[in-house]
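One chain, chain A, links the two complexes that follow: it is found with chain B in the first and with chain C in the second.
What follows is the complex of A and B.
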């Protein structure tokens, strides 16, 4: 009995420590983003905002609600936010669609070289993306695709497709064949069966593949660092660090921008956690 | 291939006259090829061909600053071994790999065991645990960089408050400390993935095994060693290899926390500077090829495992 209580207490204590470790830094960023500059730059430091202010958020988003400030940062920020959404959104939709079709071919359609193709694509998971950056850069320059949405999205697709295909393959393999056979007997063609019957059944897997691609593309740094040099395509992940390169580092502003960039992934974790976990477990080769 | 699939294949293609174009197009093989071709083209253009070009160019002198691309043999590779910058970057990288992988495995296993043993609230704790992994790595690094701030950062603030240090310290100046702090940011982000992989494996272990062990008088530690660890060895292998590959390719955290500073610069940072700042493309490519080979050798275990799990289909 005593050991049972001790064990419960130890477990709760460990859970609390884990919670602080995981959320502490996020809390600290949020607290900083809500503090006035003079409350940020004090010693001893404030662990809680003595007075809450939205001035940093106003600098970043003010223009949206008709309150632009003199720095004009909001314009760059909005531009980068749109770029991030377009790049991550485009990569997510296309990668998921392509993986859904190609993985189906790899599981159910027999054609020469099927396994070779599949394993070669999955094997690229072991090739660090950075290996191809330099020739890719030269290729994109010659094609005029540097600093364009389509160029960057194509790179993202090639980077996230292997994992999405790997995941979709395990999803299709878990679906019973009998449903497809029944559709055959009723005279449905392959394409019809795939689009109208199989893919709807594989929706949870598709959501998982989409989430993994979105999180990866949303957080990408090195690819846009090289391929998105100007405001035309530069996403948040490249813009936000630039706030810190000036002589004066505005920590309130940086943390506010960081918190805003955290919102989409945080929403995914809160509302689509089940799909995310299933995807991670399947993606890990379970 | 299962019997059902054979039947289906026969049904779909067996009685179709091969010469009939419409039926050929509607057959499995054509549809399969039609679906696979765009993917093959894309992966060839963006991965396979660039890898081959990287390998090829690493034996040439390729630089936009100099005309011509003469063959130079192993010169780039030989230079690499005597280049103090590259050697330093490799040392830093190995430091990251060893420390990050061991911390991620230990913390990941601890987290997975804790979550697996929880009766209530597991879902919420798991969501909190996974959050750092889902956030943009660059934003994580910026938040931690603020935590490490020597004047107003949380780390100094907490240590001062609890009396563990007398005066604020500048954390990123000393190489050993700086490397540990960069690793910590990486571990914060990647540990959740290990925890999820290991938790998935833990959940497949039947509870009866532990009950039987308890009846036999085995201690909890002994159960862990004799039942849990052997049964999750596959997942441990996967967690180990994915941690290793990501640690070899560490870049974002080091770059944001210390920019190009040599004391924390990993090999990927060295490659970025060589290729995109010094514009020595082929020298950077030789380094890339080396990193890729090291990563592949280390991840051979992972690939082998994928084959083992899938070759019976």
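What follows is the complex of A and C.
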């Protein structure tokens, strides 16, 4: 009985620690973003904002509601937000689509070197991104793709496709072949079977691949730092650190931007999560 | 309706050969059962007929037209899979109507066909359910319905009943036979269950190790198996084999303990040749004179009683199975003397396993139905 209580308490303690570990920084960012600059760097530190202010958020979003301040930061922020959405969204859609087709080919089509091609693609996961950054930069310069959406999205695809393909391959392998064969015998062609039968059944896998890709691309820093030098393509991850200047680190602004930057991926995950239905395959077989 | 002609059909996977040049002809409207132990190539053959498996050499022809190079989707075939292979994200109606939709059949006509098929299979009230909401037997019916709706020239069944419980299996067996009578299409049915083969087939193809062992009507195969394998495979409980040698009169078999079993007629083969005497469990009966055994186990099923007999001197550690329709007062450990019923007995060459007794001499008389 005592051990039972101890175990229950231990579990709760562990859960609490985990919660503080993962949500603590988020709270810290939120609290800081709501503090006046003079309350931020005090001793002893403030765990709660002594006085709540929205001035940082106003700086970032004021322009949208007709209240731009003199710094004009809102415009840069909005631009970077759009860039982030386009880059992460584009990479997600394309990576998922390519992975859906390529992994299917790797599982169902028979051609020489099928496994070799697949493993070569997946093996690139083991290559550290930083080692290819410089050769990649030279390549992108010669292709004229630096500071373009398509250039950065291409890099993202090459970075996230292997993981998505790997995931999709195991999803396809778990689908019974007989369902596809039944469709062929019903008179469906390969593509029709793929679109009407295979993809709907593989949806949970596609959603998981999309979430992973979106989160990865949204949080990317080193690639856009190199390949997105101007406001034309610069995403939030690169813009936000620029709020720390040589003379003044605007912690409040950085944290407010950080909080806002968390919202889109959270929305994407919440939205897509609804399609991660369990038991979609139930009833196909015996 | 179509006839199917398979000529010199071979299938190899690398150096492994799954099918060794099969020749089988199936008539239009016939119900043919492919039966054999697992790994005999029956499912491979079915999948080759369906177009799901490539052909290494030889031909498959439907109604005189070779279909080797025709894609599965264009062969006008319906197949019922062992695991049903229903589309889990579609309702029963959509599952059954999928093939018609692909053929651009209008919605009204499609619904009419689906509903007619569903009604004949007792699925009428389930049309808007998803496969996951159905029981195993209902899913099996949907899989059949999906095949029927199309009115294909050829139906293929790949062990469709093996996932059902025993009672449902018997019921579905009858329903498939009724469906065959109704739609009158050629049907090819794969099973490893010899009872299904015997009860359902117009003709049975017994396969082993990628070869056809025997083709014929169920009773022909049962009464005149061409070799020891077919004899042992068909029938439940299966045939008893007792080793011995052919007597000098070639009309008796001398067993290892010196006792002699007389055959209904002389058989081909040399006197003294090692043979196996095949006796079906129901071809044996208690008798005053005959072979002596000790009763090992008694299994009453109600309608009949299965009795396992032992005699180490005669058959070693194996058991001899006796099937009795009459009720006897028997108990384990009791001694019993049995003899073959008149006109029964099969003789196989001990080495090749081929049948020596040319024919069954005493035909079991068929009683005319008044």
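Please note the rule applied: the second predicted complex is superposed on the first by the 263 of 286 C-alpha atoms of A that agree within 3 Å, B and C clash if a C-alpha of one lies under 4 Å from a C-alpha of the other, contacts with A are read in each partner's own complex, and residues count from 1 in each chain.
The criterion applied here is as follows: a contact is a pair of C-beta atoms (placed from the backbone, for glycine too) under 8 Å apart; a residue touches a chain by one contact, two chains touch by 3 or more.
Not measured: the values here are computed from a predicted model.
Novice: So, A:142: does it touch chain B (first), chain C (second), both, or neither?
Specialist: neither
Novice: Once chain A of both complexes is superposed, is A:197 in touch with chain B (first), chain C (second), both, or neither?
Specialist: In the superposition, A:197 contacts chain C only.
Novice: Between chain B (first) and chain C (second), which does A:230 come into contact with in this model arrangement: first, second, both, or neither?
Specialist: Touch status of A:230: no partner.
Novice: Once the shared chain is lined up, is A:44 touching chain B (first), chain C (second), both, or neither of them?
Specialist: First partner only.
Novice: Any idea whether chain B or chain C touches more of chain A?
Specialist: B
Novice: So, does A:184 touch the first partner chain B, the second partner chain C, both, or neither?
Specialist: Once the two structures are laid over each other on A, A:184 reaches both partners.
Novice: Overlap the chain B and chain C contact sets on chain A and report the shared residues.
Specialist: After superposing on chain A, chain A residues 178, 181, 184, 189, 280-281, 284-286 contact both chain B and chain C.
Novice: Please output the residues of chain A touching chain C within their complex, sorted ascending.
Specialist: Those in contact with chain C are residues 176, 178-179, 181-189, 192, 197, 200-201, 279-286.
Novice: How about chain A: which of its residues touch chain B in the complex?
Specialist: 11, 14-15, 18-19, 21-23, 25-26, 28-29, 32, 40-45, 47, 98, 101-102, 104-106, 108-112, 114, 117, 119-124, 126-139, 154-155, 157-158, 161, 165, 173, 177-178, 180-181, 184, 189-191, 215, 218-219, 221-222, 226, 236-238, 240-241, 244, 251, 254-255, 258, 261-262, 265-266, 268-270, 273, 276-277, 280-281, 284-286
Novice: So in the complex, the part of chain C that touches chain A is made up of which residues?
Specialist: 50-52, 71-75, 77-79, 81-89, 98-99, 102-103, 130-134, 136, 139, 146, 150, 163
Novice: If you look only at chain B, which of its residues touch chain A in the complex?
Specialist: Touching chain A: residues 2, 4-5, 7-9, 11-12, 26, 28-33, 35-36, 38-40, 42-43, 45-51, 53-54, 57, 110-111, 114, 117-118, 121, 123, 125-132, 134-140, 142-147, 149, 151-154, 156-157, 160-161, 168, 188, 192-193, 196-197, 200-201, 235, 238-239, 242, 245, 248-249, 251-252, 255-256, 268, 271-272, 275-276, 281, 284-285, 288-289, 291-292, 295-296, 299, 302-303, 305-307, 309, 313 of chain B.
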